[in-house]
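Presented below are the structures under discussion, each in the form of structure tokens.
Note that subunit A is present in both complexes that follow, paired respectively with subunit B and with subunit C.
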Partner chain A sequence: MRLEKCWFCSSTIYPGHGIQFVRNDAKIFRFCRSKCHKNFKMKRNPRKVKWTKAYRRSHGKDMTQDSTFEFERKRNRPERYDRNVAEKVLKAIPKIDKVRVDREATHHKNRMKGKKSKEQKEAAKELEQGIVLVKAPAALQQDPSLTLPQKIKVKVSQKQSEENHAMEE
Partner chain B sequence: MAASFSSRCYRVGRSLLGGLVNGFSGLRSTSNDLTCGNFLLQQQRTFIQMRTVLKVVDNSGAKKVMCIQALKGKKGARLGDTIIASVKEAHPNGKVKKGKVVYGVVVRAAMQRGRCDGSEVKFDDNAVVLVDKQGQPIGTRVFGPVPHELRQKKHVKILTLAEHIA
Partner chain C sequence: MGGKCPHRHVKKRRYSHKTARRTKFLVKGDDMVYDELKKPDEQKKSLPVDEDLPGMGQYYCFHCDRYFSNVAVRDEHFKTKRHKKRLKQMMGPAPHTQLDADLAAGMGMPDNGPKLMSM
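Right after this comes the complex of A and B.
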């Protein structure tokens, strides 16, 4: 039994699922669900629809080139059955899967690098620009508590912490 | 975008210009028609029933046939069923002449048909291969893809003649 990929969203189609459309030139389009089939009938390009794998690949959201993808590929040459090879393949599948997941995680991490600082910078800028909406500039000068807070150092005495320990006991 | 614009127009018309509501509502209805047309673009495909015109995809000489009876099923024929048809268009010097009543096997149907594993299959058009009463094809070639379900229907000859099996 072969697990096919959906033409539109590239998800796996398990046996008994979905619909397949055979064009008159005998090209077969397989769809995992009616959502993908309907999008195909609307002549949408999967590369322009954001939730598809094709979009994510073409826009650098997902990992595209990796040696782990070479294992899961359609080969037109039939492989002669060999018990040892089959055993080794079964043993290797979880390991390869783990390697792929790890690499995808690092790819995502690299992609998201610098996002937090960027967001914070943007938020600070927005606060600086929009604070006049909350309070007039004249009032701001009088009340410094509404501006961006400066770092305030607080000294914690050693005694206090000891007292706390005593309380817990 | 057009819909949102028209709806805004409509609201304005109702609140401020009571007399102009008709004009604006007319605008709104046209936009509705547009969306409706988009929706109707995908026609619901149905059974092959009496008066359905099918393409003939073999070299028997007929070009188009019209279904006059489905041999199985109350509602009509589906993919792989046999029908009785009358030849509506034919090549000038083929085996089958215009106006003859022939038997045919539906090898492609635009209406989806369930497969043995629960998935479904559908084709681009409605096509038929002409056979005699015993089920042997009249022509010697079959064009385009045919479904593998024909094997269960005992039309192995059509399958062997076919270019592609889907």
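Right after this comes the complex of A and C.
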């Protein structure tokens, strides 16, 4: 079983899913879903569409260089079956996957490093510029027009509702 | 390129939309044009005489994959914004391929095994 990658968004295509287009020069284009196929037909460039892996890679959003990428690759050479090797591979898969996930997490953490201080700086600037719009609590008490009017409670008696019924009839 | 689309309910004026759009299907993909342009000059095919093409297939724009009826029209095309845009696009990085998609998905380069024949 070979798991292919989508031409447009680079997601994994399992057997029986998606659609494939073979151009008249025998080049194969595989798509995971109609969304990707439609985008291809519209001649969109995956490097310029933000939700694709190609965009995220080329703009430094995802990890690009890593040794864990060397394990998953297209093998155009048939591998001779060996029970021991198969066992070792099965044992290694979760380990390697964990390493990759951890590294991705650190990459994301590093990427988001300056974000909080930047946001706080921006918020402080906005507050400074818009301070004229904020009223002091004392001013609110003096001028009732600045606050919302108080809620007025009205008691509804049972008798009144009966009268309404009568009117409707 | 593209025919005018008549209303479907007028029976007389119906025609197959596909034939009208045929030229659209024949346009080469970006990567094919890019590969053609990357070839050294000696390898580029000279333009064969073809009666079916405009101007016997002699006036061709490699970048836009279009044939013109004579030199004047082709030179006029070279001045257009669309052609210049295309020129810029073809000068840039190579178009997206399946290999790029695989690499972006976190796969390594394909393993083709050792070379059997030394070249």
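The criterion applied here is as follows: the second predicted complex is superposed on the first by the 132 of 169 C-alpha atoms of A that agree within 3 Å, B and C clash if a C-alpha of one lies under 4 Å from a C-alpha of the other, contacts with A are read in each partner's own complex, and residues count from 1 in each chain.
Basically, a residue touches a chain if its C-beta (ideal position, glycine included) is under 8 Å from a C-beta of that chain, and two chains touch if they have at least 3 such contacts.
Just so you know, these numbers come straight off a predicted model, no measurement behind them.
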Joint occupancy of subunit A by subunit B and subunit C, clash or fit: fit
Partner chain(s) touched by A:Trp51 [first = subunit B, second = subunit C, both, neither]: neither
Partner chain in contact with A:Cys6 - subunit B first, subunit C second, else both or neither: second
First, second, both or neither for A:Ile28, with subunit B first and subunit C second: both
Contacts of A:Lys41 with subunit B and subunit C, given as first, second, both or neither: first
Touched partner set for A:Pro15, first subunit B, second subunit C, both or neither: first
More subunit A residues in contact - subunit B or subunit C: C
Three-chain overlay, closest Cα atoms of subunit B and subunit C, distance in Å: 7
Residues of subunit A that lie at the interface with subunit B and also at the interface with subunit C: 23, 28
Subunit B-touching residues of subunit A, taken from the complex the two chains share: 13, 15-24, 26, 28, 41
Residue numbers on subunit A that touch subunit C, as the complex places them: 5-8, 10-12, 23, 25, 27-30, 43, 45-47, 52-54, 56-57, 66, 68-77, 100
Touch list for subunit C against partner subunit A, complex: 29-32, 95-96, 98, 100-113
Complex contacts: residues of subunit B adjacent to subunit A: 42, 108, 112, 117-125, 144-145, 147, 163-164, 166
